[in-house]
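What follows is a set of structures to go through.
What follows is a pair of complexes built around chain A, which joins chain B in one and chain C in the other.
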Partner chain A sequence: MSSTAFKLAVLGVAAAVVALPWVGNTFVITTAIATLYLAYQALAWNLVGGMAGQFSLGNTIFIGAGAYTSTYLFLTYGVSPWLGMIAGAALAMALAYLIGCLTFRLNLRGLYFAMVTLALAQMAQVLVENIPALGAAYGLLIPVRDGDIAAFQFESRAAYYYIILGLVVVAAGIMSGIQRGRLGLMLAGLRENEDAARAVGVPVVRNMQIAFGLSALLAAVGGTFMAQYTLFIDPRSTFSWTESVYFLLPAIVGGTRHWSGPIIGALLLGLVSDTTRLLFGDAINGLPQIIFGIVVIVVVMRTRGGIVDWAVDRWRSRRRAAMKPVSTEATRAGP
Partner chain B sequence: MPVLEVVGLTKRFGGLTAVNEVSFAVDEGQILGVIGPNGAGKSTLFALLTGFVPATAGNWSLAGTPLQRRSPEDICQAGMVRTFQIVQPFWSMSVLENVMVAAVCRSRSRAQARTLAEEALEWVGLAAKGGNAIGSLTIADKKALEMAKACASGARVILLDEVMAGLRPYEVDAVIDKVLSLRRERGLTFLIVEHLMDAIMALSDEILVLNFGATLAKGSPAAIQRDPRVQEAYLGVTAHA
Partner chain C sequence: MAYTVIAQAVIDGILNAGIFGLAAVGLTLLFGVMRVVNFAHGELLMVGMYITFMLYSAMGLHPYLSALVVVPALALLGIVLYRCLLKPLAAAPETAQLLVTLGVSMVLQNVVLAVFGADFRSINVPVGSAAFRLGEMVFPATRLYGFLVGMGACIGLYLFLRHTDVGVVTRAAVQDRQAAALSGINVEKVLVISAAIAIGLLGLAAAWLTPMVYLSPTVGHTYLLPSFIIVILGGLGSVRGAIIGSVVYGLSQSLGAVLVPGSLGILVPLIMFVTLLLMRPSGLFRGTV
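After this line comes the complex of A and B, so read on.
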């Protein structure tokens, strides 16, 4: 594809994404919001799970911190959820710091990190289920105040669509910025060979804490958004480990190294999940889930690093092969 | 004035004493060779000094800064770095990116890390291969990459763990030249573990001989070669007059 054609295609997609609320019906917009939210949480997870290589199964703790903080403050003290969102994000970052102290400092990385975060998420669920002020197991209902912008409520779904779209853009921008900066280089070194990276001075605990903290921050903001969009939160659907897995799948399927990976993964999984449910949902029980599972397995088997990483690698090796006759080394390294 | 001072360094793994009360000092710009039979504790000594293995007892300091109980990354930033006997590159990155990881901690930006990395590649003679994949490198190139990473980290004391093992004779000569020129032009200090006796005798100002974790002898290359205790440790016979 020529670069002009590529730019036109990107412009076309961007225009379609922006125009969607005007052309789509309620079903389309609802599906789009769910898919964007999936992409957003996958991007948040990817900061710690993909870029830092620490397989968090506890990002629901931060989603819950965001959702419960803003909702509790609004219901109890009438604090605007916009402010509650900031408070929730701060709480999530503090929790990520504490969990990081428990895990990174004590060398509980890799598989152990996954287990510890999973256990903590389960504990968070049980804890909230037993706190009456947080609605216990019944959850919290946010009273409808359509159009009250200070209460983070809007008359049209389009507003929620644009907010989550903006959040996806911000999350992708953060990931891309990290990837191009110093932090990205340090995380890549730690991910590939921790001892070799530490030997040349790359601090392991601090970099993991930063990645984890940013992941928690984004997850919590998403949690507040979701609470305001559905106007209901409960411990089971917030903290459940199936949610954790659901939010990391797009990154695994789409790719962890480029910002477009989790987005492509979310689009594919969202599409598969919704179309199969529409087509077979009523006919055969469980078939949509089985097809979803097969798609995940096939994509992971075929591409290993995820769709985008796989495509980038292929493109690079093809370009390298094409450039072989001319010495690439001399032009790159200079005199 | 010594840049590195080691006092009573000891490491016990259960009943085995891998490093036993080792003390020595290295001056700035000096090259100290560390030799000894297999299992003498040379690699453990390097792992201890750079914080990869916690010491059982002993102190060591770099330019007056105590280093015990510090992490590898702290010790590198304090100015001492190691290379690995089995090369440890970041496989999916290019040669230049590998060295950039080493340079990034003391850089304000990625661009500066790139400049420092290119400089380090120049020093070890890998400048022309910056864009190469790791898989395309020869053994000698991979060992040179380890040295480039060590140099790019900004450390002033570099611990080379068998960077000449497995190289052809002319490649060994090239490494010797590189180490000597880095010392001469950059003022770097080296500790070198090596099994190639000719190379280590040619490079070292002083040699530390370890045997069963303890210091067996320490002195100039010429004195070490004459030392009957060293001959016994290596050959298993006593050199009677």
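After this line comes the complex of A and C, so read on.
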């Protein structure tokens, strides 16, 4: 594809994405919001799970911190959820810092990190279920105030669509910014060979803390958004382990090394489950999830490290293969 | 707090350890020999329970007898899982295999949901309501048998790995796969046998669990986190550690339930897990068995 055609295609996609609320019906917009939210949380997870290589199964803690903080402050003290969102993000970052202190410093990596975060997420669920002020096991209902912007509520779904679209852009921007910068290089070093990175003076714990903190921040903001969008939160669906897995699959299926990976993964998985839902309705229980699972298996078997990473690697190796004869010619032509 | 309540909790905790042990031992073996973290473990157990349930409701086969069918069936499933999905990914990044097992768990759970629906199911056999008494202590028959069979099989596996030729070969493959292959060990055979044993043990657990729990497509989930906790407590790859770990976990769970009010008792095993891990990250035992 020539570069002009590519630019045109990108512009076309961008225009379609921006114009979607005007052309799509409620179903399309609802689906689009769900898919964008999936992409957003996958991007948030990818900061710690993909870029820092720490397989977090506890990002629901931060989503919950965001959702519960803003909702509790709004219901009890009438604080605007916009401010509550900031408070929730701060709480999430503090929690991430604490968890990071426990795990990163003690060298709990890989499976250990995954299991500790999973156990902590379960603990968060049990704790919330036992706090009446947070609605215990029943959850919290946010009263409807359509169109009250200070209460983070809008009359049209389009507003929610643009907010989550903006969040996805910001999250993708943060990821690509990190990748281009010093932090990204250091994280890549950690991922490839932690001992070597440590030996050349990369501050391992601090870098992981930063990645984890940013991931928590984004997850919490998303949590507040989702609470305001559905106007209901409960501990089971917020902290459940299925939820953690659901948000990391797009990143792994799409690829963890480029910002487009989690987005493409979310689009694919979202599209797959929505299409099956549309075609078969509720005729067969669990069918969307079955196909979802099969897509995950097939993609992983075929690409190993996600669609985008696989495509990039293939493209690079092809280019290398194409360039080889040229470079040997050049050496031969030399003195 | 009455003394008997605590004593009963201790008994319950220990009795539960047999079934936990069966699940955890397989998980640790899979990790030991092929470095695979099997997130489908709970769902494979659930599938075993549904097979047991089907054999009982269709043919009236007693759940304990159905182990004769369920164990080979699950062992076969384990081999298929290894051959078709895990082996091709042997050289791929760690997360690839983990993700495949996650995909398998989603598929299994929802296939069962599609076939059987979300309703709770249970089977009603006399053993389900029988119990032995010793003074004021109660030993529910299902739990006692579950403990005896589970612990028996776990210790059997331990002795098998420790003392038989196949066991020695397996341990060699765990320690250094390349060196094992170089000294003429058929590593592929070891991996197939391990997959069959690890998943086959779940069939045993399923047969003894079915009379004591309500079946639903998500029942496997209940056993996934406990199994992981036990495996990590005992030391990844250590069968002996998994056996001890399952007793520790069972006790913390049952004591937590009686000593801590309400559902907060669930926190006890989790807190114990996190604290122990922070103090001793490598788990209780190291090594291959």
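Note that the second predicted complex is superposed on the first by the 324 of 335 C-alpha atoms of A that agree within 3 Å, B and C clash if a C-alpha of one lies under 4 Å from a C-alpha of the other, contacts with A are read in each partner's own complex, and residues count from 1 in each chain.
One rule holds in what follows: contacts are C-beta pairs under 8 Å (C-beta built on N, C-alpha and C of every residue); 3 or more make two chains touch, one makes a residue touch a chain.
Since this is a predicted model, take the numbers as computed values, not measurements.
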Q | chain B versus chain C as contact partner of A:116, first or second or both or neither | A | second
Q | First, second, both or neither for A:180, with chain B first and chain C second | A | first
(Q) Going by the contact rule set out at the top, does A:102 touch chain B (first), chain C (second), both, or neither? (A) second
Q. After superposition on the shared chain, which partner residues are touched by A:289: those of chain B (first), chain C (second), both, or neither?
A. second
Q: Look at A:24 in the shared chain and tell me whether it touches chain B only, chain C only, both, or neither; answer first, second, both or neither.
A: neither
Q: For A:281, select first, second, both or neither according to whether it touches chain B, chain C, the two together, or no partner.
A: neither
Q: Answer with first, second, both or neither: which of chain B and chain C does A:297 touch in the superposed model?
A: second
(Q) Which partner chains sit in contact with A:188 here, chain B, chain C, both or neither? Use first/second/both/neither. (A) first
**Q.** Dominant toucher of chain A (residue count), chain B or chain C
**A.** C
(Q) Quick check on the complex: what are the chain B residues that touch chain A? (A) 50, 52, 71-74, 76-77, 81-84, 88-93, 97, 100-102, 104-107, 109-110, 113, 118, 121, 127-132, 149-150, 152-155
Q.
Applying the document's contact rule, which stretches of chain C touch chain A when the two form their complex?
A. 37, 85, 88-89, 92-96, 98-100, 102-107, 109-111, 113-114, 117-118, 217, 221, 225, 228-229, 232, 236, 262-264, 266-267, 270-271, 273-274, 277-278, 281
Q: Using the touch definition up top, name the residues of chain A that touch chain C in the complex.
A: 55, 102, 106-108, 110-112, 115-116, 118-120, 122-123, 126-127, 129-130, 241, 245, 249, 252-253, 284-287, 289-290, 292-294, 296-297, 300-301, 304-305
Q. Inside the complex, what are the residues of chain A that reach chain B?
A. 180-182, 185-186, 188-189, 192-193, 195-204, 328-330, 332-333
